[in-house]
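Below, chain A partners chain B and then partners chain C, in two separate complexes.
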Partner chain A sequence: MAVDIRVAGARERPKPEVSEELNNLVTPGDVITSDTGYLRGHGTYMDDDKLLASVAGVVERVNKLICVKALRTRYNGEVGDVVIGRILQVGMRRWLVETHSKLNSILMLSSVNLPGGELRRRSEEDEKMMRMYLKEGDLISAEVHSVFADGSLSLHTRSLKYGKLGQGTLVQVSPSLIKRRKTHFHNLPCGVSIILGNNGFVWIYPTAMEKTEKTGGYETDLQPVTSADREAIARLRNCVLALAHHRMLLFDTSILYTYEASQKFSAKYIPKPEVMTEIIEIARGRLEREGT
Partner chain B sequence: MRETPLTNCEKDFVKKSVAENRRIDGRQPYDTRKAKITFGVDRGSCQVQLGQTRVFAQVSCEVAEPKPSRPSDGILFVNLELSPMACPSFEAGRLSDYGVELNRLLERCLKESRCLDTESLCITTGEKVWSIRVDVHVLNHDGNIIDAASIAAISVLAHFRRPDVTVSGTEITIHPIEERDPVPLSVHHMPLCVTFAFFEQGKYLVVDPTDLEEKVMDGKMVIGMNKHREICTLQITGDIQLEKDQVLRCSNIAVVKVTEMTELIHKALDNDRQVRASGGKFGFAESISIEKVTSNQMKGSEINMEDAEEQASALVLSDQDSETPSDTIEDEETVVHVLNKGVGSIGQGGASQWTIDEEEAEKMQTEVKFKMTRTKSAHKNLPTATDGDLGDNSEEEETIVLGQDMKIISQQERQNSQKMQTKTGDVKMKKGKKYMKK
Partner chain C sequence: MVDVLLSDAEKTFIIHGIQDNLRDDGRGCEDYRHMEIETDVVSSTSGSAKVRLANTEILVGVKAELGEPSSGKPDKGRLEFFVDCSANATPEFEGRGGEDLALEISNMLTRAYDCPKCLDLGKLCVIKGQQCWVLYVDILLLECGGNLFDAASVAVKAALYNTCIPTVTVSQDEGHVDIELSDDPFDVQHLDVTSAPCIVTLSKIGHSHVVDASQKEEACCLARLMMGVTEKGTVTALKKEGSGSLDPSSVEEMMETGKRVGQALNKSLMEVLCLEEQKGKKKEKTGFLR
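Up next is the complex of A and B:
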């Protein structure tokens, strides 16, 4: 039986290499510029004639617009983003979804596929059956349809690749670590698929559990997952956490490289600080060599 | 700030554990967390810790006009504050429904039980009376605020001293503390609240729920009682249906808890009085132990090992029947391998216990029964280090303090169960019988 002992004490943190972006870092209250010719974007405010940052992050400038992209923030949705959310409430013709944003997101009844794939107007019956489709606590993958005036998101699951999620593992990381790509659904070669939600929720599930086309995504497959798949999912989850801990961007290549680098360790040892540092170093080296 | 919602898995896990009479933090269903009461330098201030839940109470007094309907009664005002410091989901300023409920409970418990003699607070009838104000602030919310708040409120009322007053004709003299010793308030009895959380429509109950249990529970019942078996307040909230005998049973449990707690309060008050009388140092600063490595320390708790032997022998028997060869690593003694500075490991992990026999799902024949009992026992041993009950671990062990080269030599008795645990996975941590560090 293995027991690990760690003595409480100061642990040395490896100093990250200085990158070019560091001179653009600001903290709340820092003066960005005293020049009045700039337009104020997100994360900034005017005080006297100076432009100050209101969040801690990186300054971005597009022509005359200056904004500060926060390092640690709640998810700010944009149209077209893939998100993973949890149903909080079932309401009048809508579901309230938690997406780790400033306000809860809304999934309208008219924005979901009816079970069976029918195309018809939603009736009173459908309203009463809402809880049969999705109830409190369920996880869904959806796409942002639009953003309301107050900033809350309206989601839709109008495609067959979205819908209720079945067996798998959810990992929550900061939304700023998810790289914006063309596709957020990846099937990794280890027999495990991953959905990188833009809101920082990462869903890892076995590829064998792909939803069949006909059911429209409301039936959960409760077949027992094989042990090999479970171990792969656990390893992948630890790799995602290792990447998040080292503030590296999450996308399919970085996750895959970290996964491959972690193969020489047992899955349960990955969360240890030394192991994490080692596999991240290897993955980072590979990424830099391949110029990604 | 909104709280992240609990996952379905967490909720199911808590419910299943409660159904098996286990709790997440290792307590028994009827166990309360150990309370720690510390008094401050000022008279009438104290801090109560119930596990990780912390409240701070303070009493203040001033001279005021009595209520016209009760001209010879003093005024007692109880106030409970919930701030974002306690829990990010509490809003500053605005009192939520939960806050109003707690306030009313505390008020009823203290005022309607007449624990404080308000007539002794009268200075001149109809004109001047003492107005006592108890403010309770919640510093950290880890479940069961009302219990901690009631302990704090009553301790602080017993701890407080008000200035002495002499009335001569129409002249009232309030003596400052330097002139005359302040006078204690007359507290008749100590009403304390005990909270019961119910699961599954009242079928299972736990005493003193933590924050996680409170989020999952169906409903709760709060009984305010003193040690003389007098019920001061009773409130049931939530989605439960309770029978008469359940309520009576709970009140019997509450008597035991309240008696214990009252003793603890008296002991704490005595300690404080002695320290003050002997001229020693008192106050909050003294109660924090600074010499330890981490000043935020958890006390060890008892673990129930009663059924450990039966489970262990049952597992050994079932395992001897099974066909798979055992890959046990029998170590005579444990040696610590030092991996790195400050990191060591004892022993090697066993085989992975995630194997699920694919045939089970299809065939339900008697010959598969052995395999099923084996996997069932494997599932039983899946509790991780966070689960307090160790099931089949019945070995005893002593750990000796770390030496210079960081070797830990632990003695363990070799029993059948030892062979079992090395087999059943590497997830568990070795724990002594007496205590468990969380």
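Up next is the complex of A and C:
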């Protein structure tokens, strides 16, 4: 039994280090440049021949194009992104999926792998069985297939690595904290796997729960997870939240370093502010020394 | 309760975790999440407090006003609870969406505080049967992250601890009663909240029960028991909520746990409040900047 209450003011606030990067940080209304030679990108607007930021975030420049990447934002999908979503509704030949974007995404019945392999013929039966495969509340991993004109996404799960997710825990962070990598599926050495969805949803699950080809991943294993795995999942969950709290980018190395730095504490103590700061400092130091 | 959607597998994972006494954030069944508290955050109130329990954020303001005592208790002051569910917390609260929950929380608090020994309301009486201090306790839900009742009760207790009631002098001449408010803003009285209750919610999940359920855990829970517990372990109110049923033996078990946890909660809370008071005016205000 533990009750831990603190005075909010007692917490030490680390002094922000004024570095070069801070020059790139803008708040809404900040003038980015008064030079007219630049192109207006996302997160900016023109006023009096000046380019101003419309969101709080980091300025990014590609040649003549200036964009501001927001720190806290909804997810703006791009084709090919790995996302994690939750089924909200079962509709006509489609599922409505919540992916933390501005509009709900859709998953067409024709863009999922149904049990029975690729050569399976689609019939009307499938349409009637839709709720058997995925029902409201189920979590899926998917890839962005296309982006509609209004910005809503069409997803597909036509690969064995995508599909319904089984036991595990979901953590939600800001989409801008997920670093774009070649792969977003990682099997960590601690016996736990992690999927870093580009939409800021992070799924942590025991590695042993692999999907089989036969069922297309629609049958979930409801056997109890071993307590060692469970402990590792809890620790990893708290580490991801700690990284997000300190606004650090999430990718396999940063997560692994944080996980290793957290080993000297019990998993349940990681959310405490002083423990969190200590772990993040160690991980950050190691990241800077050893690179990516 | 504010519900979240969960898949069956997620629920299974949470339920099995609770059976193993290892929840999805690494806590045991009887652990509270990290809580942060700050008092005296709203300068226009008589007393205020802000509590942040993981993602649950609650702001409480207490306003003391002179009013008439209730007819049943002419020699006592009054305590009025009002809960406002801000639509900032969740879009579900938009319009009248949060009213049921608000009523539930305020009713539970009223019941928990409706115990003669937990707060000395006699001190709030100014003129018997005519004038007394009425404490309007306004609770604002800013963010929902599960376990709203406990967080609200902790915030209320902290705000009451912080409450300053101006000293009044009553002078009587020729049947004419005069109430005079002290000119000195520092001439105030504090309430003794040492034996005020905190609400402890025990959620029955699977075959075990947990305290301080997160939103995900609340989605797996069919029946919960809420109890007002004072520092000494006295249960001032008890309420069962949810669609599920509870076995008498498990109710007993849950009450035992609730008492134990409630005592620890009250103890830690009082320690923190004393600590913050010692810092006095020097302390830095954190407010809403994180």
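The criterion applied here is as follows: the second predicted complex is superposed on the first by the 280 of 292 C-alpha atoms of A that agree within 3 Å, B and C clash if a C-alpha of one lies under 4 Å from a C-alpha of the other, contacts with A are read in each partner's own complex, and residues count from 1 in each chain.
Note that in this section a contact is a pair of C-beta atoms (placed from the backbone, for glycine too) under 8 Å apart; a residue touches a chain by one contact, two chains touch by 3 or more.
Nothing here was measured: the structure is a model prediction, and the numbers come from that model.
Peer 1: Mind working out whether A:G168 is in touch with chain B, chain C, both or neither, as first, second, both or neither?
Peer 2: Second partner only.
Peer 1: If you stack the two complexes on chain A, which partner ends up touching A:T220: first (chain B), second (chain C), both, or neither?
Peer 2: So A:T220 only meets chain C here.
Peer 1: Look at the residues of chain A and decide whether chain B or chain C touches more of them.
Peer 2: Between chain B and chain C, the winner on chain A residue contacts is C.
Peer 1: With both complexes overlaid on chain A, does A:A149 touch chain B (first), chain C (second), both or neither?
Peer 2: neither
Peer 1: Is A:H100 touching the first partner chain B, the second partner chain C, both, or neither of them?
Peer 2: A:H100 contacts chain B only, not chain C.
Peer 1: Using the touch definition from the top, say if A:D4 reaches chain B (first), chain C (second), both or neither.
Peer 2: After superposing on A, A:D4 lies in contact with both chain B and chain C.
Peer 1: May I ask you to decide whether A:I233 touches chain B, chain C, both, or neither, giving the answer as first, second, both or neither?
Peer 2: second
Peer 1: Applying the touch criterion given at the start, work out whether A:R86 contacts chain B, chain C, both or neither, answering first, second, both or neither.
Peer 2: both
Peer 1: According to the stated criteria, A:E274 is in contact with first (chain B), second (chain C), both, or neither; which is it?
Peer 2: first
Peer 1: What residues on chain A does chain C touch that chain B touches too?
Peer 2: Common to the two interfaces on chain A: residues 1-9, 11, 86, 88, 137-138, 170, 224, 227, 230-231, 266, 268, 272.
Peer 1: Using the touch definition up top, name the residues of chain B that touch chain A in the complex.
Peer 2: 2, 4-5, 7-8, 11, 293-294, 336, 340, 342-350, 352, 354-356, 358, 361, 402, 406, 408, 421-422, 426-430
Peer 1: Looking at the complex, which residues from chain A come into contact with chain C?
Peer 2: For chain A paired with chain C, touching residues are 1-11, 86, 88, 136-139, 165-170, 220, 222, 224-225, 227, 230-231, 233-235, 237-238, 266-268, 270-273.
Peer 1: Touching chain A in the complex: which residues of chain C?
Peer 2: 5-10, 12-13, 16-17, 19-20, 22-28, 30-38, 50, 52, 54, 154, 260-261, 264-265, 267-269, 271-272, 275-276, 279, 283-286
Peer 1: Give the list of chain A residues in touch with chain B in this complex.
Peer 2: Residue list for chain A touching chain B: 1-9, 11, 86, 88, 98, 100, 104, 137-138, 170, 172, 224, 226-227, 230-231, 266, 268, 272, 274.
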